[in-house]
Amino acid sequence: MNVTDPFRDADGDKLREECGIFGAIRSDQASALTALGLHALQHRGQEAAGITSFDGTTFFSRRGLGHVAENFSTPQQLGELPGFMAAGHVRYSTTGGSGLRNVQPLYADLASGGFAVAHNGNFSNAQAVRDDLVSRGAIFQSTSDTEVIIHLVATSRYPTMIDRFVDALRMVEGAYSLIVMTPEGMIACRDPLGIRPLQMGKLGDAVVFASETVAFDVVGAEFTRSIEPGELVKVGFDGKVESLRPFGNHAPRPCIFEHVYFSRPDSIFDGRSVYAARKAIGEQLAIESPVEADLVVPVPDSGVPAAIGYAQQSGVPFELGIIRSHYVGRTFIQPGDGARTSSVKRKHNANRGLVEGKRIVLIDDSIVRGTTSLQIVEMMREAGASEVHFRVASPPTAHSCFYGVDTPERSKLLAARMDVEPMREFIKADSLAFVSIDGLYRAVGGIPRNSACPQFCDACFTGEYPTSLTDLAQKQAGDAQLSFDKVA
Amino acid sequence: MNVTDPFRDADGDKLREECGIFGAIRSDQASALTALGLHALQHRGQEAAGITSFDGTTFFSRRGLGHVAENFSTPQQLGELPGFMAAGHVRYSTTGGSGLRNVQPLYADLASGGFAVAHNGNFSNAQAVRDDLVSRGAIFQSTSDTEVIIHLVATSRYPTMIDRFVDALRMVEGAYSLIVMTPEGMIACRDPLGIRPLQMGKLGDAVVFASETVAFDVVGAEFTRSIEPGELVKVGFDGKVESLRPFGNHAPRPCIFEHVYFSRPDSIFDGRSVYAARKAIGEQLAIESPVEADLVVPVPDSGVPAAIGYAQQSGVPFELGIIRSHYVGRTFIQPGDGARTSSVKRKHNANRGLVEGKRIVLIDDSIVRGTTSLQIVEMMREAGASEVHFRVASPPTAHSCFYGVDTPERSKLLAARMDVEPMREFIKADSLAFVSIDGLYRAVGGIPRNSACPQFCDACFTGEYPTSLTDLAQKQAGDAQLSFDKVA
Amino acid sequence: MNVTDPFRDADGDKLREECGIFGAIRSDQASALTALGLHALQHRGQEAAGITSFDGTTFFSRRGLGHVAENFSTPQQLGELPGFMAAGHVRYSTTGGSGLRNVQPLYADLASGGFAVAHNGNFSNAQAVRDDLVSRGAIFQSTSDTEVIIHLVATSRYPTMIDRFVDALRMVEGAYSLIVMTPEGMIACRDPLGIRPLQMGKLGDAVVFASETVAFDVVGAEFTRSIEPGELVKVGFDGKVESLRPFGNHAPRPCIFEHVYFSRPDSIFDGRSVYAARKAIGEQLAIESPVEADLVVPVPDSGVPAAIGYAQQSGVPFELGIIRSHYVGRTFIQPGDGARTSSVKRKHNANRGLVEGKRIVLIDDSIVRGTTSLQIVEMMREAGASEVHFRVASPPTAHSCFYGVDTPERSKLLAARMDVEPMREFIKADSLAFVSIDGLYRAVGGIPRNSACPQFCDACFTGEYPTSLTDLAQKQAGDAQLSFDKVA
Amino acid sequence: MNVTDPFRDADGDKLREECGIFGAIRSDQASALTALGLHALQHRGQEAAGITSFDGTTFFSRRGLGHVAENFSTPQQLGELPGFMAAGHVRYSTTGGSGLRNVQPLYADLASGGFAVAHNGNFSNAQAVRDDLVSRGAIFQSTSDTEVIIHLVATSRYPTMIDRFVDALRMVEGAYSLIVMTPEGMIACRDPLGIRPLQMGKLGDAVVFASETVAFDVVGAEFTRSIEPGELVKVGFDGKVESLRPFGNHAPRPCIFEHVYFSRPDSIFDGRSVYAARKAIGEQLAIESPVEADLVVPVPDSGVPAAIGYAQQSGVPFELGIIRSHYVGRTFIQPGDGARTSSVKRKHNANRGLVEGKRIVLIDDSIVRGTTSLQIVEMMREAGASEVHFRVASPPTAHSCFYGVDTPERSKLLAARMDVEPMREFIKADSLAFVSIDGLYRAVGGIPRNSACPQFCDACFTGEYPTSLTDLAQKQAGDAQLSFDKVA
């Protein structure tokens, strides 16, 4: 399949958001709204999509590998999803061989009736909880961490659905924005730290939820407000909206990388447009790390807003020195005729006429493994650039994410292995600079980082994880045990 | 299928190039090179692709609907195409119900052996020639205009293949860049006026041909030169290259729209980069039609280079006021909840935070039907723009193309129905201006249009067609006859 | 799909066995043996097939709609099923929309490791058990009655797998032949009455199990013995075979319809070939209900052995007066040109030259709804038969089966609605006779029915069900309640 | 795909009819009739099917690999084939890689309008004619011999369609039954010797044509008469039927193997039922080659009628000693556990209880390679048969067919390599006998063979080919030339 992803790189040299979610209640076109909303969130997950709907009596599900448009655009496809409540999910990866089983929303028939859940995030103690449930006789259908929620609800002793659901949430740790459907209505909730985003909107009588506001623009809905960290919003079929705060108050820690890279530039978080934040990062970068040059060239497409900011701040002209093809297939055979035909060329090609003889400032959003950065720098030099300066619109990415973002193992992260100067050598640039963590905070939130109580989750840059990581700790203990065993 | 096309609009409100071609000889990876080359030309045709190869004894063909990457990327797929010579074709449309039959290269077993042809362009007397051939007993396999060439070669009385081929070319009129394969080698040729492009390159021992130079960049080949208008280049398996000029000399008339819109910005024609030409058109536009404004906003993606040029010339800042989604499915059901959810929003969304309260200059490459332009202007206003000025990087498109470009019927072209001021009213802009025809010539070729002998084919703007249009003339005569019959 | 079923009728006017099962342990070609064995049992279920294998560490599953040969014949398909233990299942119907979810073997990861089960039969209290399990938090993956076994094992408190399995079996009632796989080996078992069959064989070191002996013939295995009613046979990877009898002793009640119709004629039950039994039924019928006639004509293919018996006993010649086409598609459009083109003609066509002017004895294995019988009789008359006498190789089918056989609702069974003479009128035969229940017992088992303690399950003829029918009783109680409610 | 073929053997050890054809004109359900008629002729070709229809203006075609029911049974599928005239074709093999291109009816747009042809048979000079046409500029679409007819019609100089068609037929030699459609109506014709069959029927106003009468039974049509050898029957849309005899009179030579094996037993040729002819061959065989035995056992299914005849004539009882499975997949992996699991067992299994200790007469319709016969004999012995006598319902098949029947190369035919006694040894039977050629003629036609002027084409038995074999002669000349070249 020809997977194209305009906001990121297809070869895995980027961090990847794993999911986007959307829900609609009180619309007789709930599933059509959900399809369109998911389509607007397609950049958050391209490998699979699912929608579950409810018509007052029965839940209906449809899942598919590939894009939303392939699976949820025809009248026949949507005809399988009748009703006035629906929720959907786009997913980056389908881990393992279980294929469609892991595509969300997950659904189960509980004693109290149907229960469907769509999840953006990751439970950092999912394995521990699962092991405990299995030892008590639970049978899992998927390998998804999300499924523990369903079993926790199914086995909770509380009398009401909402109490069973809160009981279940108390058992899990990590990051989660959830949209849940029961025969009583829809529940949207966000983990106590609000790591992953979740927005609320309305469209006539309908209430809608989405990972990003851009989905509301596309379906024609109006943005109401963000779901608060630790908040549960329950919407009944009569339109009654209740807000619960079962976990008390915590200082929020939303993911700062949503601003750097994951979200669409036309989305808005807490009143700040993502595009504006990215431009501000570029400006900050120009102030922190200026360089004399002829052209500011973005690594397309995600580097464009920061490059515009950098260019405006520095006065160096913005130009498309790299042309991106959006027709990207991963498995092309490379004819090995001795010619240099690196795979990067299939998606990025130097605009030779422009670049030749020029001093270039390349702007990219982040460096993960560094392999693509190296190829881009080399491509610029082959096209005749006299100097290539690399500027990165985020601090060095030195730590893995356990909150629903696909990161390589830490050992593969370039910034985990070396300092900035060796990184510069590795990517063969004339100079290399990253925006500072304070610069980033300032661009995104207006003030520097409060190190006592950071305003964002920035664990990928700082290693300061805001929750326990039970599964990781047990795995490390096990590995240690294994090592110990071997030694003894 | 989720068709994405970064350089143009999916709803048909653009002119569309109909084909791209690529050929390689003297490489044991000829079909892999061809697949990669076609992939780089994917923007010239997304609906079907085909490759034919030759291994010294047998011709092999594979055709498929959809993108190159879907049909020609796996070892199994390419394993069906062995040999050291191959040619391929990407195609915009598969007209009618005949599906794969019309996908090129077309192939036939002639008395002299196999004959394969890939064609970019259109024969303007194809129907007349076909009628004549059928009356003499020829049986056509496809509804493609290209097939007449094969029958003309098959029935030619000349003794050698090259003579039969030239004999066939003398029978046709219109625009054609052709790559032909026979058991003797490869022939690349261009019609006497050179309306459609064709480039020649080399990669080690291999000789390659492509519609645009970007294909050479992607396969790692070196650009040699353009095939001249009216030239036939014949390459043998021994590497011998011969150039023939059987049609004498004509003043060339290459299609100027290749610079405006069809070609990739990183391609180079006659030493001039397409990107540079487009920026120059934008500069020209800023000089010819300045306006006081806060932001220059491109209609993405094709309007971007001209917008950069306009911004640099005018000093008004370049900003991404419209964010484009590249996940485009054509058949989404529109939930009709009374909300405004025009289909244009699925691919273009206003960057509200940026646009609000601003005076905007929108830059687009052309206006065809005008419907999309209207939606874009309205979207800007809804997002709060205080003024919307529309600037177009080509003159008004008022005439159909009969040379291999898919244009709506003339009656659907906005510029064929009205002048500039009514067009402005139609699209609801505060002002509207097109670049002048001389400005366009200056930007692309350095000097104004020579009206006695224009340097380009600009029939879509001027209605001056450089060849006879036999089929059109016969059809009009027939229609006239019909009208006459009705009257009498 | 073109479903062909040589031993029965495609239009639903037959009872249908719902499943066949096969298992192999201690062979490094376990899944290939299982595929071939299932292929030999294809007549027991044509709509879906599945195989699960175990390689000492991991369980592998593959399921598909359609025939075994479509899903389990290529090296790639079987390559997905490595290991030295495998079990498989063919299935008549995939009830509801859940498709592949209900295809067996069912599999779950339990705390003790993997657990796979293939089931031939039906639990007559499955709904009651399921409701109880769900109320305790169990989440079901399928709508199959078989899944209760897995949850009962998962939630059993006994310490060993075999004890948990026996504990689970004690909770269910009805008919079941099961093949179970765990990391400790394979368990084959049969319900206490042995309603459904299960055979054991060997092939070199391997132990194999199958619903019918014909599967052993086809894989080249040797028949060892039948699994006894109420017996569990456990086979370890070391080849150790243990027999358990956890349910004490019961008089067996195997399904007599296996002899009449379900099983292949070349299978052998308790030393008696099915073919011989069917011929003996035909002989019995000739003795009980003779008639003067010119030809004995079987309704192909299932009526053939009884017809041969009838012909040999009566001296009336056996002839193929009906020719059967095995290319049967269910959905053909009937051109309605006023001609008589009943769907029965697509599979059964009169052998006109033979039948014309003759007195015919038609032999069929059973009458279910009677609609096909009527069409066959009419077809004989149209072809010129002077008399048509109908003889049936089983007693009138007047009761539904709840033990894994697909029967129409009772109200659709012709024999539930009327006596023999009205049945004769309905099918328009000159005479109609069924074999007597004692005649059937004599033909199959050598002695008449012991009405105090019948030797077979013959509930479909007599209505004497050998087990409780909890789900049916609860449903009837519910319906009664409903009626009562309406009245009150 | 699970290909089942009740009347023959799936492993290629049978001669195979290559095609069946059906046509209908003057019915508004022409394509539905054709689909049903082809379905009844499915035994004549299982690998591909096609239908072409005409609605007064346009021809419509649909082709598919696989069975008729898979490709022509749904309303959608038949909705693609509107009109009141249709013809179709089932085909045994799709030679070479050209796939659907060779599936008939073949169709072309000629100067006079559309022309569709469905062909049962084979032109024995197709290559010679093709070479000539190609040398004159014709371009072939398929590798089918049938296509020459279209080109011959297209290039004929005669003024009317019927004259051009007769002109074309004069150029070809061999066996052909053709159904042709033009904008003027339908033409059905048979070669001058009538080697392949073609029947005519009616259904209300509609006229229908089919290879066998069984198709009329299934669609509800009435048999009118056979098309005569050398006759062209032309049917107009007004219902006018004309008969032409452009080739003068020849003594007919219909294929005798249609009676032995190809046709369905319920079809009727020249007033004689195929079933009756086959029974008569069995009787003849019992008279010519009696043997003392306990059971007459047919090799199912094709041997059944002859076995009934043999049993009735000899008094030895007819029994199903071999049970055939109709679920046949060709590619099953054979588990090689050292056990004997020959592929023949997947379709033929010994009815052990019956056969043990008995003297068996096996009846089969023919012996081709002999490999299956050997396996069947061995299977009988393994099942305990004390003697196995083999009787064949046709003379030894010692010559290839060039008239549309798929025969192995001559060197693979057992009877071409050895006499009867060595054949007996080869198949390990206790005795072996074939019906005599005169016995066969008597059974099928009532009188012995007239050796001066045989009443049938029996070339596969006698080597007396009734037409020239130009392509074979040229190939042999070429081979001779080659041999000569090598020697010299």
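Lettered A, B, C and D in written order, each chain numbered from 1.
By our rule, contacts are C-beta pairs under 8 Å (C-beta built on N, C-alpha and C of every residue); 3 or more make two chains touch, one makes a residue touch a chain.
Which chain is which protein? Per UniProt: A, B, C, D = Amidophosphoribosyltransferase.
Owing to the predicted nature of the structure, the values given are computational and were not obtained by experimental measurement.
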Find out how few touching-chain steps suffice to connect subunit B with subunit C. 2
The chain whose C-alpha centroid lies farthest from that of subunit A is chain D
Cα centroid separation between subunit A and subunit D, in whole Å? 63
The distance between the C-alpha centres of subunit B and subunit D, rounded to whole Å, is 52
Here the gap between subunit C and subunit D, centre to centre from mean Cα coordinates and rounded to Å, is 37
For this structure, give each pair of chains that are touching. A-B, A-C, B-D, C-D
Enumerate the contact residues on subunit B facing subunit A in the complex. 1-2, 4-6, 27, 29, 32-33, 35-36, 39-40, 42-43, 46, 66-70, 73-75, 78, 203-204, 206, 214, 217-221, 264-266, 268, 272-273, 275-276, 304-305, 308, 312, 317-320, 323-329, 331-341, 345-346, 349-354
Contact residues on subunit B for subunit D in the complex? 108-111, 134-141, 150-151, 154-155
